[in-house]
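Each chain carries a letter (A, B and C) given by its place in the written order, and its residues are counted from 1.
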Amino acid sequence: MTRWERSVPVYGVPVLNRGFWALLIAVVIAFVLSAFREVVGLGGSVSGMSDPFAWGLWKSFNVMVLTGLGSGGFAVGIAVWIFNRTRLHQVMRVALLTSFLAYSTGLIMLGIDVGRPWNFYWIVMPWHWNLRSPLLEVAVCITFYATVPLVLENLPPLFEYLIYEHPKWRGFAEACEKAMHKVYPFIIALAYILPLMHQSSLGALMLLAGDRVYPLWQTPFLPLIYVWAAAFLGYNCVVLCVLLAKITWKRDLDPEVLAELNKITVWLVFTWTAFRFLDILVRGKILLAFTPSFFSALFWTETILIAGSAYVLYSEKGKNLQTMFLAHAACALGGMIYRFSPPTLAFRPRNGAFYFPTAIETLVCFGFIALAVLGYIVAVKKLAILPGTNADWLKMAKYEEQVKPGIQLTGYAPVEH
Amino acid sequence: MAMTRREAFKNLAKGSLPLLAAGCVSTALPEVAHAEEVPLPKGALGLLYDATKCVGCKSCMVACNQANDLKPDTRTDGLHQAPPALNSFTKNIIKLYRTADGSDHSYFKQQCMHCADPSCMAACMFGGLRKDKQTGIVWWNGALCVGCRYCEIACPFHIPAFTWDGFNPRITKCELCRERLGKGLQPGCSTVCPTQAVIYGRREDLLKEAKRRIAMSPGRYFENRVYGETDGGGTQVLYLSRVAFDKLGLPVLGEETLPERLKFQHLAYKYMALPLALYAGMVAFAGKNFKEHTHHLVEDQKKTGLRPQI
Amino acid sequence: MEKDATEKGTIAQSLKNAGYSRRDFLQLCTTIVATAPMGLALTEKATPAEVAKSIAKAKKPSVVWLHFQDCTGCSETLLRTSKPDVADLILNIISLDYHETLMVACGEQAEAALKSAVSENAGKFVLVVEGAIPRKDQGVYMMLGGKPAVDVLKDIGSKAAAIIAMGSCASWGGVPSADPNPTDAVGVDSIITDKPIVNLPGCPPNPYNLLGVVLEFAVMGKLPACDDLKRPKFAYDRVIHDHCPRRAHFDAGRFAGQFGDPGHREGYCLFKLGCKGPVTHAGCSTRQFNEVVDCWPIGTGSPCFGCTEKAVGFRIPAFERVDVHLATPPDTYAPISGSVGTFGAAAAGLVGLAAGALGGAAWAASQKLTSSEEAVAGQDRKTTVGGK
């Protein structure tokens, strides 16, 4: 039985392989098309957005959905640091990395989506903030979160990288580590309160749309349901990452940690589903779920994907890795569809308008996802992110010492902080 | 490992410092008044459109473009100003409602409603849409607009129009020709209307006039009421119609303004009390667990000689 | 037409002597009011009777009419009025002291007539110029009595009280100035810059435009309000398009596509045949010609060719379309709920492809996983970390 003890980089696999180049091409295409969009504007062939459907794939998917998927940083973080689930420490770095990549690519996407980005500097001038606007809360909070606490949380693997691979920087890196240790609780508490705020504000955004959002989704509790969905999406993402690490790079799995992650996911999903149904019942809209329509079909698709997968995870079948993988994938898919619905799929502007992304819009969206995946792949190969055992570390150390003579990866005596 | 009382208080104190600091800051920040606190200004201006008088001549569309120095939208055939809806060239449009068999019809003049508590204004991040304190006109300030289009999502009447082509997009909507008002002129539309179907004036006068018309001809107007008196919290542009309002595209709204739906949010963030309290609590717990965790890491390092990872 | 150089009394006297009835005169005044309901002080808020009164008291204005590079069409337009014989009437209201086409004298007699007409009324006569003035090669291309037209105009123009440039040729060069303008033909205001000039472009212009200007000058003592091209606003302030009887067809999108096609026969809008109505300032659409209804180009089914405008007439090809500068709505309406948005095939393909690829990859990936115990036990022995 493997027991994860520390994070170990993926070694022996070249960074610049076919996957890397394929992803890079997608990223370059996205950047070129984004430049085109900046010159030509948002209409016509660039995007399928129009006045009735003012928000499209970029805001609703890359920002709203993918930051939900990248909520592992705070969802797992709260379990680890607030509720003291110490075993989950091992997957913290994966969670933090996915969060960082999802948020940073989401922020860039937001910058490309807005029509007058040169006015964004008002974000640092509080006297012009409209405190009533949920979008302000989202913008300020996400920007601050993605640039300060999330970056700081993701720095330790970088410091280690400097210490091991670039001895010139060792002193600086060690000093940084020390400084960080002093204020770590303040940083991470910030890194949990901020996402709680903006993930719920992302939900609050659609409150202003009134009954343009179909009643099976529109509720005064939208913020709460959104942040709860972000939580279980974060867990889905982390589990999928470690399972994919096994598939792609043959990493070992720690059944205890997996079991705990699954348990938390199941608990989050069951409570979420229960609350959602209760909310629909109390608002008296339950009949809509049983009236055949596109919306009821969408609702049940979401619910079955999310709750059904959680049920599978809860049952004995959930111990089987293949089922576990598919269940988390399905749950993530359902959760993403849920967060995607209020601004797009379940959004009905009165003028009978229709929205479908254009080819350019889709390519840009994919390109930025590719950027995040690219960042992930490079990071896990260069830095110690993915969980492993001490034995794995020693094996890695042996390999690295052959390839980079002089590197010291073992034999450190503790220094009291 | 249980936390001692002393440690608990120490951690809580550490977490409370930022609470105090930010509490001071947040009370100092200008708070935009909430819905209940925003009555219509005394000098609120508006329009009264009586659909039963409109003959669909569309002079108001031509006049609007001329008064606002806006190129007419001729994209349909290059010859005529025929916008399909409000857009970046069209601040005011005449639409036709017709039943399928042609037995009933009505014209409908669509432009910004200049709501008492505008949803668009509540939505706009940096206050790019603001309501004039004297006239109540809701106008767009390009210097503060980021082009996020949240106002379009928020407006229940589908009014703000974004410039979808080109690299310097604007939000285009009726602003009651506010530049002309300073010169003592009326808005373009009401100036040219040949049947006085749309008239301009102070909202309270227009409301009185509308009610007078209803009283004079009971049964002539739908539900014997003025749309905009209380709909959506009240609007400065009022409508009278024979045909049902929702058939003309005016949404069915209660008396509550849309920004009211944000009241829970505003409560949760009032003075940032709740977030700061949560933060303080989290710092306390995280601090305690961090101490424990680093202790274990040091122990492990002693055993393995491998640098600890946070 | 004989002119009586000695009879310089009031217009009323002149008409009486010529044997015109009050009814005929009133009819003329009615026409003048109809021609210029606004923009002329003479007819502003006046009834025909009041107009008649003010005209009757006025003295007959002396008019000298010069022809340069012309076709005499502008004179003909004056003569082609007929109900009643208004040409005759007009010629009794003004004292036409020199007119090469209408006078009997010729040769030295004609030159002497011109000289005496100018000297007797120096500073008081109205100079009407018809035709363009060539400037190339010291103006040899148009000679009057051995002198170049440029010099004649400068000489006589300097002695006039006001100058009326009758027709497009005199206003801005007209036909002779068409590319490549081999004689450097220009309008009056390019030669004379220090006298009040009224341009009456048109090929030909409506004769009542001239009558309105002359009478305003004679009766009220001033020239009518003009635009920045010196055209009187009462006749030239609107484009044909804004007063065209066929405008409803334009607004409804009913156009003639070819000469003689069903649309053309129905009298539909001639815009697609190159009608210059949208860019041509003139009053033809309301006043027409020859006092006959629909006696004007568009009325006969021929698109307007913009004869009054320097940038349009004789410049833009007859059948080339122009832009409508002030677009107005057609007679159709936007629906309450329009349909917006398209379903791009490429995008749909991309999204479908991505969804399929992801789904397939997920399934394939999951196949590589087996039960947890097996995986853990197996990997420790078999594969190294990192091999792909």
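One rule holds for everything that comes next: a residue touches a chain if its C-beta (ideal position, glycine included) is under 8 Å from a C-beta of that chain, and two chains touch if they have at least 3 such contacts.
Note that the structure is predicted; figures quoted are calculated from it, not measured.
Asker: Using the touch rule from the top, work out which pair, A-C or B-C, shares more C-beta pairs.
Answerer: Pair with the higher count of C-beta contacts: A-C.
Asker: Whose Cα centre is nearest the centre of all Cα atoms in view?
Answerer: B
Asker: Taking the mean of the CA coordinates per chain, how far is subunit A from subunit B in Å?
Answerer: Centre separation, subunit A to subunit B: 31 Å.
Asker: Please report how many Å separate the Cα centroid of subunit A from that of subunit C, as a whole number.
Answerer: That gives a centre separation of 68 Å.
Asker: Could you work out how far the Cα centre of subunit B sits from that of subunit C, in whole Å?
Answerer: 48
Asker: Would you give the residues of subunit A that are in contact with at least 2 other chains, written as numbers and ranges?
Answerer: In subunit A, the residues touching two or more other chains are 50-52, 350-351.
Asker: Residues of subunit B that contact two or more other chains, please.
Answerer: Correct list: 85, 249.
Asker: On subunit C, where are the residues touching two or more other chains?
Answerer: 337-338, 340
Asker: For a test of understanding, state which residues of subunit B touch subunit C in their complex under the given definition.
Answerer: Touching subunit C: residues 56, 58, 61-62, 66, 72, 74, 77, 79-85, 93-97, 107-108, 247-249 of subunit B.
Asker: Provide the residue numbers of subunit A that touch subunit B in the complex, in ascending order.
Answerer: Residue positions touching the partner: 5-7, 38-44, 49-52, 54-55, 80-82, 84, 86, 89, 93, 113-117, 119-120, 122-123, 126-137, 139, 156-157, 160, 163, 180-181, 184-186, 188-190, 192-193, 196-197, 201, 204-210, 212, 220, 223, 343, 349-351, 384, 390, 393, 409-414, 416-417.
Asker: For a test of understanding, state which residues of subunit C touch subunit B in their complex under the given definition.
Answerer: Residues of subunit C touching subunit B: 250-251, 253, 271, 324, 326-330, 332-338, 340.
Asker: Under the touch definition given earlier, write down the residues of subunit B that touch subunit A in their complex.
Answerer: Residue positions touching the partner: 14-15, 18, 29-32, 34, 85-87, 119, 121-127, 142-150, 152-154, 156, 158, 160-169, 249, 251, 258-259, 261-262, 264-266, 269, 275, 278-279, 282-283, 285-287, 289-290, 292-294, 296, 298, 300-302, 304-310.
Asker: What does subunit A use to touch subunit C in their complex?
Answerer: 1-2, 8, 10-13, 48, 50-53, 243-244, 246-253, 255, 258, 319-322, 324-326, 329, 350-359, 361-363, 366, 388, 392, 395-396, 399
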